[in-house]
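Both complexes below contain chain A, partnered by chain B and then by chain C.
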Partner chain A sequence: MFWYQYQLALRSIRKTPILSCVMIFILATGVAVTTICYTHYHHLKKNPLAHKDEHLFLLQTDSWDEKTQYERTPNHLPPLHSYRDSVALLASDIPLRKTAITKWGGSMHNPEIQQKAIFVRGNIVTRDFFAMFEREFIYGGAWNAIADQQFQNVIILNEDVNQKLFSGDNSIGKSVMYENIQYQVVGVTKKVQHSNPTYDIAQFRWPQPDAQFYIPFSVIKAAEFGAWTRYECPQDLRDYGSHWYQPRLINSCIWIGLWYEFAGEEQKHQFENFVRNYIQDQKKAGNYPRPIRFALSSIGDYMQLNQQGYDEDKTTIYIGFFTLLVCTLNFVALLLAKFMRALPESGVRRALGANRRVIFAQHLIESTTLGSIAAVLGMLMTFAGLLYLQLVWKSAPAPSSGLPVQDNTVLMEPDFYLMTVCVLTAIAASICAGLYPAWRACKVPAANYLKIQ
Partner chain B sequence: MNQAQIKQQAETAKTMFAMENISKVYRTELIETHALRDFTLQVNEGEFVAITGPSGSGKTTFLNIAGLLETYSSGHYFLDGVNTRDLNDKQLSHLRNTKIGFVFQGFNLIPDLNAYDNIEVPLRYRNMNRSERKDRVQQALARVGLESRAKHFPAQLSGGQQQRIAVARAIAGSPAFILADEPTGNLDSLMARQVMELLENINDQGTTIIMVTHDQDLARRTQRHVQIIDGQVTEMFKHF
Partner chain C sequence: MFSLPPVLKPLLRKKLTVVLLGLQIALITMLISNLAHILNEMDNYYKSPTGIDDKHLLCFTLRNPSGTKGIALADGLRDLEKIKAIPGVVDVASVDATPLDHEYNLKTGSFNTSLEQNNEQIAFVRSNVSPNALDTLGLRLLAGRKFESSDMAFTYKSYPQVTIITRALATALFGENNNAIGKMVYEKDKQYEIIGVVSDWKGFAPQIYRFESTAFFPEYNEINNEFRYLIRTHSPEVRSVVIQAVEQYLMHQYPQGLIFYADKLDAIVNKYMNRGTLALLKLITLILTLASIIAIAGQAYFSVHQRRKQLGVLRALGATRTKLIAQILLENAAIVSVGLSLGVALAMLLSHFFYKTTEIVALSPWFLLTTACGIFAICLLSAAIPALQAGKISPSLATRTL
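Here is the complex of A and B:
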């Protein structure tokens, strides 16, 4: 019976090719717009390190001033730490792994070749960073543990920079000049483009460009570089001197992120005690004037915490759904007109023994068949639309600084999940759209259509 | 059939169709129309009954109720022994599909289907397998003498041929009876005669036929002639 109904649907679709094409196009447009509008949200909400959520945590402590609470994060805890606190909180041996993260930028070149220096932006981290955030190496690996304690001129490049300075060759052991200091390359990382900012989750919801190099955290004390990251200071009336750089190594201004990885609950618990004791201790020195409050949040936890932030990105989803609604209503109107025109045939079929359910099913199958074709077209349109948006973003003029721009094209990446959403939306919309016209068709007063005209 | 045979048949024959005191009232905001009142009619297996009456007398209403396309306000209607009151749409459709063959004045073939596919429609709603459908369609085509037109679409057939295909569609499912509504009304006299002869032929082979017509000559050719006036059976004639 289904096969017969399906054949009837195909016949009816073929009978009015132009109308059918218009209907398919309308529905496909609605579905494609919806899917495209949903794409960035889908990618933003993806947590590439979800499998580490039990182990990997961002530390936030309430180091803000006595009078005001920190306002720029959903949990009112500063996302970053002062250098003073960072060094102390990194000193704990309890965690399995730990890293600080801050960002620097400057000019870099290969001293062996005559070449214009390139402008690069990188991360200042510990050797644990690479294992914690699953950075893969093309050549070499992380620096040794000593480099975290005592500064060594070592550097890890990402694959882009290695391409520019060494034409992609194995550069381990070679030197680069970064801001007039010579560093030895110990590793080259594979480029990753996450749609999720991972270690920057407390500061950004949108994707961040991949770091182009990594230098050990111990460099901060050894060389005076300005941090290329958020630098905020709580109210602190103490005098830290007027040197342009030295005060930030001792004051309460925040500019360093801290992440920890624990082997298990027990370890995490011990570390929490350690943090609590540290804050308690600091109060004696006049730091941490606020009630003791700190948080260890996984990336997933933090995303949940920041749900409201993600909700702001839903506006486009509403626009998408509205478009889909309008398109579906158009589809309904055309379907209704089509089914009404076919009422005489439905009347004859009723007289010849088709019951209402059968007539209803026949029309719903026709609507769903149109929906399935629209699903395929919608998928192609989604693909084309996303590629177009990526192209538009890619062709935007690069900033004159030469630094990598925040690469949002990852947010417009078509994937299997989105295609499934697209297909299911088209089919669901066509079923919903078919319900009323099919119901009208099956209610046909057969007798009225059998009389002589 | 001779008189004795028919008498004998009438005594032993099974009742195919029985309406007892059927009433049908159409209510609109302005008026109530009693389209049928206390309508009683019994038809036996193998009979050919003609129903005539002036326009507006209730003939079409009778056919629609007989064909289970409309409900009735009161009374009883037994179709091949089944009481049709209180049946749901699915049961009614099944009865219509298996027990009744329709022949309409306007033919009502589906224009996008060829003759073969048109005849197959009622069989499709019966979960009949492909080979049985094929046998039945071909037999029906043979009985109306249009085997060669199986692949023709209605638009490629004359009115008389279309009506014969409609008759083939009506008999393909071996119904308990055929309901024909002015089957010759849209045909010229030659074609009308052909269709009438076909119906008589089918009746001779045992299929019960109830035919509505306003043509007194046609009515006279049947075994029984029932006249409706104002929704009631007024006269019955037996033609032997």
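Here is the complex of A and C:
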């Protein structure tokens, strides 16, 4: 029966080729625009480390000043810590893995060849970072545990920098000059480009460029450097001296992120107690003037927390939805015109014994068939549209400084989920659009059309 | 000659078609007018003058060479003199951030107009400059005086006593018509005297829909991680030659391990352009316009086509061809007008929503009117083709049974 209905639908579509093409094109356009508008939102909401959500946590503590609460995060807890607190909170042996993260940028060159230095930005982390955030190595591996305590001149480069300085060769054991210090390369990481800022989640919602190098956390004490990250200070009237750098190591200004990985709930509870005790302890020294409050949030938790932030990016989704609405309305109108024209046929079928349900089904199948073809075309149009947007993004001139910029092409990557959304939207729209015209068609009084004949 | 009742009556009989077409036109008007408006606003912003003499300007950034502590002020000042001697160069100044480039290195602060901290804080972008920097940039002095060498302060040793602010900042601080010159402003425990007000410009971090206020301070740093040379040339063309000469000079002065890069300031506009959003909006607007033209035309065509027989009867009853065409067009115009009025109302609503959430200026009535007229014209045109065809329907068609 279905097969017969389907053949009737195909015949009807073939009978009005121009009208059918227009309808398919209109619906495909609506679906493609909707999918394109939805793409970046879909990618922003993806969590590449979702499988670690039970183990990997960002620590936030309320280290802000007595009078005002911190305003720039959804849970009103500063996303970063002072160096003083970071060192103390990293000292705990409870967590399975732990890392601090702050950023630095400067000049780097290969001392063996004469060349203009390149401008790079990277992360200051502990050796656990690479396992915690699943960074893969092309050559070498993380530095030894001692380097986290006692500064050693070791560095891990990213694929890109290794390409520029060593033409992509295995550079393990070779040295690079970064700012005014010589470092030995111990590893080269594979480049990753996530649409989710992962370890920067508390500061950014949009993808961040991959770090170009990694240096042990112990460098902060060994070298003076101006961190390339948010540097904010709560009101603190104590005098820490006027040197440009040294006060940073003892004052309450925040500039270091802290992440922990636990083996299980038990460990997490123990660590929570540790943090509580630490804050209690610090209150004696005049730090942490606010009530004790801290949070351990996984990347997923934090995204949930920041839901409102993501909702700000929905404007384009509304535009897409309206476009789909316009196109579906149009589809309905054209479908109505098409079915009304074929009323005599339905009349004859009714007279020959087809019941209303069959006529209704036949028309619905016809509209769904049109919808399916539109889905395929819409998918192609979505591909083309996203490809065009990626090209436009890539064609933007690079900054003269040579630093990597936020790469938004990852937000325009077509994937299986999006294509499914595209196809389902088209079919759902065509079924909805077909309901009323099919109902009108099945209500045809057969006698009317027989009379004229 | 044309009376409305015969036009409106058939419309009332096929309510659904009319409602569908009307709704579509309303939604299309709402979407296209707003999209086009946003595109137009962005475009205007990128094309509007920067407020500085960007066509003659070059900005060189020198990063500290590896192996040294930084660039000493004395070296930087010597470079300024040497670069000024290069043919084609009019003036050279030092600034601490690249104008119009939001990439990084932005410092902000906020002023209070009185010592009590309860007052409203007025935020601004700060920049430490050499005395001649404002002239080099091409900012006009509207009131007060310029910086002098005696105003210069040195980071970590002294802080500047005076500041020159842009007109936007002066207005934000003291209101439209109040003279800012000589007034004091406070930032935490520091106080500055305003000695000059300069013309507005797009600022160090131009961002669409956000006005930037700048405060300039006469301040040098004795050891610099970065040193920036702002170079003003005789003509836009000579800049490429000047870039080469300066590069050669810097290469010679600071040998290995040095980074420097030059920006032609009028080329920076390209960098802060939000290409992704622009492209997405353009794509959607284009596809939407195309799809709606096809859709409206298609619908008008099929609705006329459906009524061929009815039109034939009219012809047989003595309706002239012109009258028939006029009636179809009038009918179409009636539907479109209703749709457009609803669309204009919706467009205003959407624009208001955008204004509330994203600070995009509200849609101007003129812009809306133009879009509405455009859509009206497209609709009539798309109805005109089947109308002309309908005019050719022979009356004999009506006499046939099929």
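Just so we're on the same page, the second predicted complex is superposed on the first by the 452 of 453 C-alpha atoms of A that agree within 3 Å, B and C clash if a C-alpha of one lies under 4 Å from a C-alpha of the other, contacts with A are read in each partner's own complex, and residues count from 1 in each chain.
Methods note: contacts are C-beta pairs under 8 Å (C-beta built on N, C-alpha and C of every residue); 3 or more make two chains touch, one makes a residue touch a chain.
Remember, it's a predicted structure, so these values are computed and weren't measured experimentally.
By the document's definition of touching, neither partner reaches A:A361: not chain B, not chain C. Of the two partners chain B and chain C, it is C that touches the larger number of chain A residues. Of the two partner chains placed by superposition, only chain C is touched by A:F322; chain B is not.
Within the superposed three-chain model, A:W244 lies in touch with chain C and out of touch with chain B [touch as defined at top].
Of the two partner chains, neither chain B nor chain C is touched by A:A131.
With both structures placed on the common chain, the touch criterion links A:A88 to neither chain B nor chain C. Within the superposed three-chain model, A:I431 lies out of touch with both chain B and chain C [touch as defined at top].
When both complexes are overlaid on chain A, the residue A:R350 reaches chain B alone and has no touch with chain C.
According to the touch criterion, the shared surface of chain A, contacted by chain B in one complex and chain C in the other, consists of residues 452. On the side of chain A, the complex with chain C involves touching residues 19, 22, 25-26, 29-30, 32-33, 36-37, 106-109, 114, 116-119, 177-180, 226, 228, 242, 244, 312, 315-316, 319-320, 322-323, 325-327, 329-330, 332-334, 336-338, 340-341, 385, 388-389, 392-393, 395-397, 399-403, 405, 408, 412, 436, 452.
Partner chain B is touched in their complex by these residues of chain A: 1, 4, 11, 15, 344-345, 348-358, 446-447, 450-453. Contact residues on chain B toward chain A in their complex (touch as defined above): 60, 64, 67, 69-70, 89-90, 92-94, 96-98, 102, 104-106, 108, 110, 112, 121-122, 124-127, 169, 181-182, 185-186. Across the complex, chain A is touched by residues 16-17, 20-21, 23-24, 27-28, 30-31, 35, 61, 63-69, 101, 103-104, 156, 225, 256-259, 261-263, 267, 270-271, 273, 275-276, 279-280, 283-284, 287-288, 290-292, 294-295, 298-299, 302-303, 306, 354, 357-358, 401-402 of chain C.
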